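One structure follows; several queries about it will come next.
Order of writing sets the labels: A, B, C, D, E and F. Residues in every chain begin at 1.
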Amino acid sequence: MVHAMPFEPVILFFLLGLLAGLARSDLKIPAVLYESLSIFLLLAIGLKGGVELARQSLAELILPALVIVGIGAALPLIAFPVLQRLGKLSRADAASLAAHYGSVSVVTFAVGAAYLASVGQDYEGYMVVFLVLLEFPALMIGVWLARRGQGESPLGKVLHEVFAGKSIVLLVGGLLIGWLAGADGIKPLDRLFFDLFKGLLAIFLLEMGLVAASRFGDLRRAGTFLLGFAVTMPLFAGTLGALTASLLGLSVGGAALLATLYASASYIAAPAAMRIAVPEANPALSIGAALGITFPFNLVIGIPTYYWLARQLEGVV
Amino acid sequence: MVHAMPFEPVILFFLLGLLAGLARSDLKIPAVLYESLSIFLLLAIGLKGGVELARQSLAELILPALVIVGIGAALPLIAFPVLQRLGKLSRADAASLAAHYGSVSVVTFAVGAAYLASVGQDYEGYMVVFLVLLEFPALMIGVWLARRGQGESPLGKVLHEVFAGKSIVLLVGGLLIGWLAGADGIKPLDRLFFDLFKGLLAIFLLEMGLVAASRFGDLRRAGTFLLGFAVTMPLFAGTLGALTASLLGLSVGGAALLATLYASASYIAAPAAMRIAVPEANPALSIGAALGITFPFNLVIGIPTYYWLARQLEGVV
Amino acid sequence: MVHAMPFEPVILFFLLGLLAGLARSDLKIPAVLYESLSIFLLLAIGLKGGVELARQSLAELILPALVIVGIGAALPLIAFPVLQRLGKLSRADAASLAAHYGSVSVVTFAVGAAYLASVGQDYEGYMVVFLVLLEFPALMIGVWLARRGQGESPLGKVLHEVFAGKSIVLLVGGLLIGWLAGADGIKPLDRLFFDLFKGLLAIFLLEMGLVAASRFGDLRRAGTFLLGFAVTMPLFAGTLGALTASLLGLSVGGAALLATLYASASYIAAPAAMRIAVPEANPALSIGAALGITFPFNLVIGIPTYYWLARQLEGVV
Amino acid sequence: MTMQPTTTSATPPLASYTRRTLLTVICEASIEGRVAADARRLGAHGYTASDARGWGQHGTRDGGWPLSGNVRIDILCEAAIADAIAGHLQANYFASYAMVCYLSDVSVLRSDKF
Amino acid sequence: MTMQPTTTSATPPLASYTRRTLLTVICEASIEGRVAADARRLGAHGYTASDARGWGQHGTRDGGWPLSGNVRIDILCEAAIADAIAGHLQANYFASYAMVCYLSDVSVLRSDKF
Amino acid sequence: MTMQPTTTSATPPLASYTRRTLLTVICEASIEGRVAADARRLGAHGYTASDARGWGQHGTRDGGWPLSGNVRIDILCEAAIADAIAGHLQANYFASYAMVCYLSDVSVLRSDKF
């Protein structure tokens, strides 16, 4: 049975934002609060992962990391021809969308982890390492897909944009600090980074609801193909994630989280990178699909589904 | 005996802001921090009320709600002729001031609740429902008073302004989320919304002190009539509130809070609504009176007085 | 043995910011978040000091305060001729730098206190009173040094700038509130001001790392003399501080903190005051030295050294 | 002040410019949405706004508080439309709101946009 | 660049405009208060400010830190007053502060305000 | 609209002004860094930016979200340089980015700065 999720309170904050946006409320989350919250969430996720990583032998992570990144890199390569041929999208748009769906969403991951905590399901704490690793490859592939056979390639710019980009600096920085300091060293910071995590995630989701509502308009231009893609792609990628995780022997929680990662579409790192590397792609299409449809879909339906899937696969593969 | 309040620390923050403002300090609370804090406070008050509401039979609230809103709606109707005749104010100014004093101040309510907590006095948790209900009627009445016999009436605009306005969206949204999730569902959010409430209220009051200081200049134009009104009206309304509560059989704490609600003057929702619906009213008058006098008066003198009154009335009515 | 400090997590946040800045990451801490955090830190430090002060007989503080301020006032007078003669700096630049190094840095103090807490070393809670007292004299002396024999002196402006400046208002305001309310009265605010202190200090230091990185460019103009001064001066002043504290019979922790105060260079109050009172001084020199060198030096090397020194002097003087 | 408009500009005609009017409105932040909607209705094809603070006839508006913030609105359009918008603002807002508005002549690229 | 000021504007004379000077000052945020006070003393009847960042002779001022922020100040006034303020700024701030200032001609409504 | 540029300004020649061109660019915040670098490369000696929001051909950009913010960039320079920058922006950004740019004539003090 799929666990119903709508009453998980952080999701309710997202719905509140969505409704307020659709009702044209004057409620606005100041842009600076949004930025401050995302700095907090990225650092907190990194720190938590780092503390878990300190308990782990790094050597044992190499093989799973390679498999997870390798299979993850297949996602944009599968999505691209579908978008270009079936969706009749321009090469640039197809490549940009492939990059968005191949990369990952940090907040979807955070909600997934919160969901598992609320149903009392453990998971491997080092999953956040895969979150970091899965952020890049799809962006590189997206740029390559858009530029194939066109000579000039701004890969260097994209590499700098991504590696020196704030999400990676904060995630990796938090990871390293958590790893160096360990659970004991981090203890005096727990009150901020761990105790307040869920509350601040709730406020962040309120804002994401408002933003998602403002993106619904973009979807009209998108057409039904893209609407279908924005729901089918996460289900496909989520299934692939759950299978990969079972293959690697991850726990049920780990499988649900890897499925969530594969299924999630980036709406922070990818739009920023694509805007610079593939400017002729229409950002309204990719952000509209990733944020207007896939993000809410994953929050309300996707995550419980991936968890259900992970439990079905337990012991099977 | 009236409980002395000046040493309640949140009030001290207000006084610090007031003094800093009067001393022309360069201390400024960034506008974005003000907005972020008010988003937090509104959500937190809503959530807390919602959790309490979940413990309550809604049907039992209908009668008290009707009485409380009905008597509350009398306040602007009483204030208007006083302001127009005795105060010799223009119809627009009198109507706008009536709306401000008929509506309620969320932060005054929060300080009242903090005061009761600090003197160890319980109160009905669902009082926040009345806070929400009391926000509107006076605004409608104010617009009607200003526009009577003038044909065009922007009531529709005001209705949207208020119902889709951010204070109501956040208060009602928090109320619904708290009600749906219940105390257990909200638990992971407690660390943010409940534990930090008083500390963040203190910082908010620091800013309100700065703003109140900057409004003292407006008061010079106001004249002594308005100064007297800004102190007499809350005392009158507070007494009416304590009486109404005793009549309805609310607890001493509930009576003190209802008195505080009636006595408080709105300085967020009302100014915004009046600026749009009654633009010819001078906002310096109403904000100067509500924020420059009534707000500090209620904080330092009013709230302990209403509590004292509520205890006197206990068992009497 | 000097306690190694690099793994103290708050320092790691500073290093993360420094690295991100040097790698030209697009990571930015919004200016408003910086301001909000500094409001928080100043209030929290003040409150903590006030609570400790309430446990103290004020009369006993008068003598140590006079000695500490007197010796502290010697620092800019010693630094000025060194800067002017040896450093061949203009009178304005020498005076401004003397003021920066004679005054104190609140954040260095906070990191010093966090360091002592993490090594389990107690200290006199009222040290924050000296922090407040040490902020002014050097600024006055700096203005006097720059203006000597020039007739017009903007001391009045500087006095207002400093006393009504936001750092003093918040520190002294917090001190007074903490003192009036006492540990019990402050308790409901502990969750914000004390529990979150270290986590928010970490985020503040992340930003300071970014700012320090952006100041490295200024150092090229500064020349080697200034680089040497920015390291020698804190060591000299720190030693003087440890000696003074031992003389006054402060605890080891108190001596380490007084050394840290003397050794720290102001980069908030001093730049603001000098910009107005000594505009012909080049702010790039003083901020570059204070923030680009002395601040990181104190964080990583200075504070453990002063603590080591304080322990050596224990029982000796 | 040497504001001789007859001085011919030395710029080479690399890009082709057209004269348009820039209407700037400084007003209370609370009516930004209405001014923007009015401008659109009266024919503007775009608009830009930034937060501002200041003082004038209606006293100090320091932006330290949502209700005391100003906004600066720039609308680039044909002179006739700028005039229509300015006239509309004068008729509807000048009496009751803190507001200033002025026009300047500018040279735009891609004149079809405005 | 076709900046021919002789082109007559097609706007109908719906509202009545007057020529005024717009003085724009871009400077360090730390002296905003003093510039505003000076402008008031020299005869300005209003002023508007917004936060800004930038670079110039005094290096980069990215606004990421209170001390590195700029501010953009606009003052609408009669030409003589603009000139007096500009002269005052030149005499008192140009040597020691990051500051830029320039004037443009604009058409205002309600000329009595400025 | 009485925009007669032949009206001579009444300002006394207290300070000495020079005519310069003010290039204003309103564009997506994400390309601010590139526009600034381009301007520097093409000869600008300074630049100023502020956050903005707005709407135009590319829809609404309300700044409520980092990716939907605009920026307003002002560059004061000689007419030829303004023209070169405007031409460069037209060639490189107009097709793919939300962007507006326009020029105006202003009088500057300290003309050597620009």
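The rule is simple: a residue touches a chain if its C-beta (ideal position, glycine included) is under 8 Å from a C-beta of that chain, and two chains touch if they have at least 3 such contacts.
In this text the structure is predicted, and so the values were computed from the model without any measurement.
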Practice task
Name, by label, each chain that touches both members of the pair chain B and chain D.
Solution key: none
Practice task
Provide the labels of all chains in contact with chain C and in contact with chain E.
Solution key: none
Handout entry: Interchain centroid distance [CA atoms averaged], chain B/chain C, Å
Key = 42
Handout entry: Centre-of-Cα separation between chain E and chain A, whole angstrom
Key = 46
Fill in the blank from the handout: Cα centroid separation, chain D vs chain E, in Å, comes to 15
Problem - Where chain C touches two or more other chains at once, by residue number - result: 28-29, 32, 35, 196
Completion exercise
Residues of chain E that touch two or more other chains sit at 1, 3, 5, 9, 11, 15, 17, 50-51, 79, 83, 103-105, 107
Exercise for the section: Quick one: label the inter-chain contact graph as line, ring, star, complete or other. Expected result: other
Problem - Pairs of chains satisfying the touch condition - result: A-B, A-C, A-F, B-C, B-D, C-E, D-E, D-F, E-F
Handout entry: chain F partner contacts - residues on chain E that touch it in the complex
Key = 1, 3, 5-6, 9, 11, 13, 15-19, 21, 24, 26, 50-57, 70, 72, 78-80, 82-84, 86-87, 90, 94, 100-105, 107
Problem - Interfacial residue positions of chain D with respect to chain F in the complex - result: 1-3, 5, 7, 9-12, 14-15, 17, 20, 22, 36, 45-51, 74, 76, 79, 83, 103-110, 113
Problem - In the complex, chain B residues that touch chain D - result: 28-29, 31, 34-35, 210-211, 214, 217, 271-272, 275-276, 279-280, 283-284, 287
Completion exercise
Contacts from chain F onto chain A in the complex sit at residues 28, 30-31, 59-60, 62-69, 95-97
Problem - Sites on chain C touched by chain A in the complex - result: 7-9, 12-13, 16, 19-20, 23-30, 32-33, 114, 117-118, 195-196, 198-200, 202-203, 206
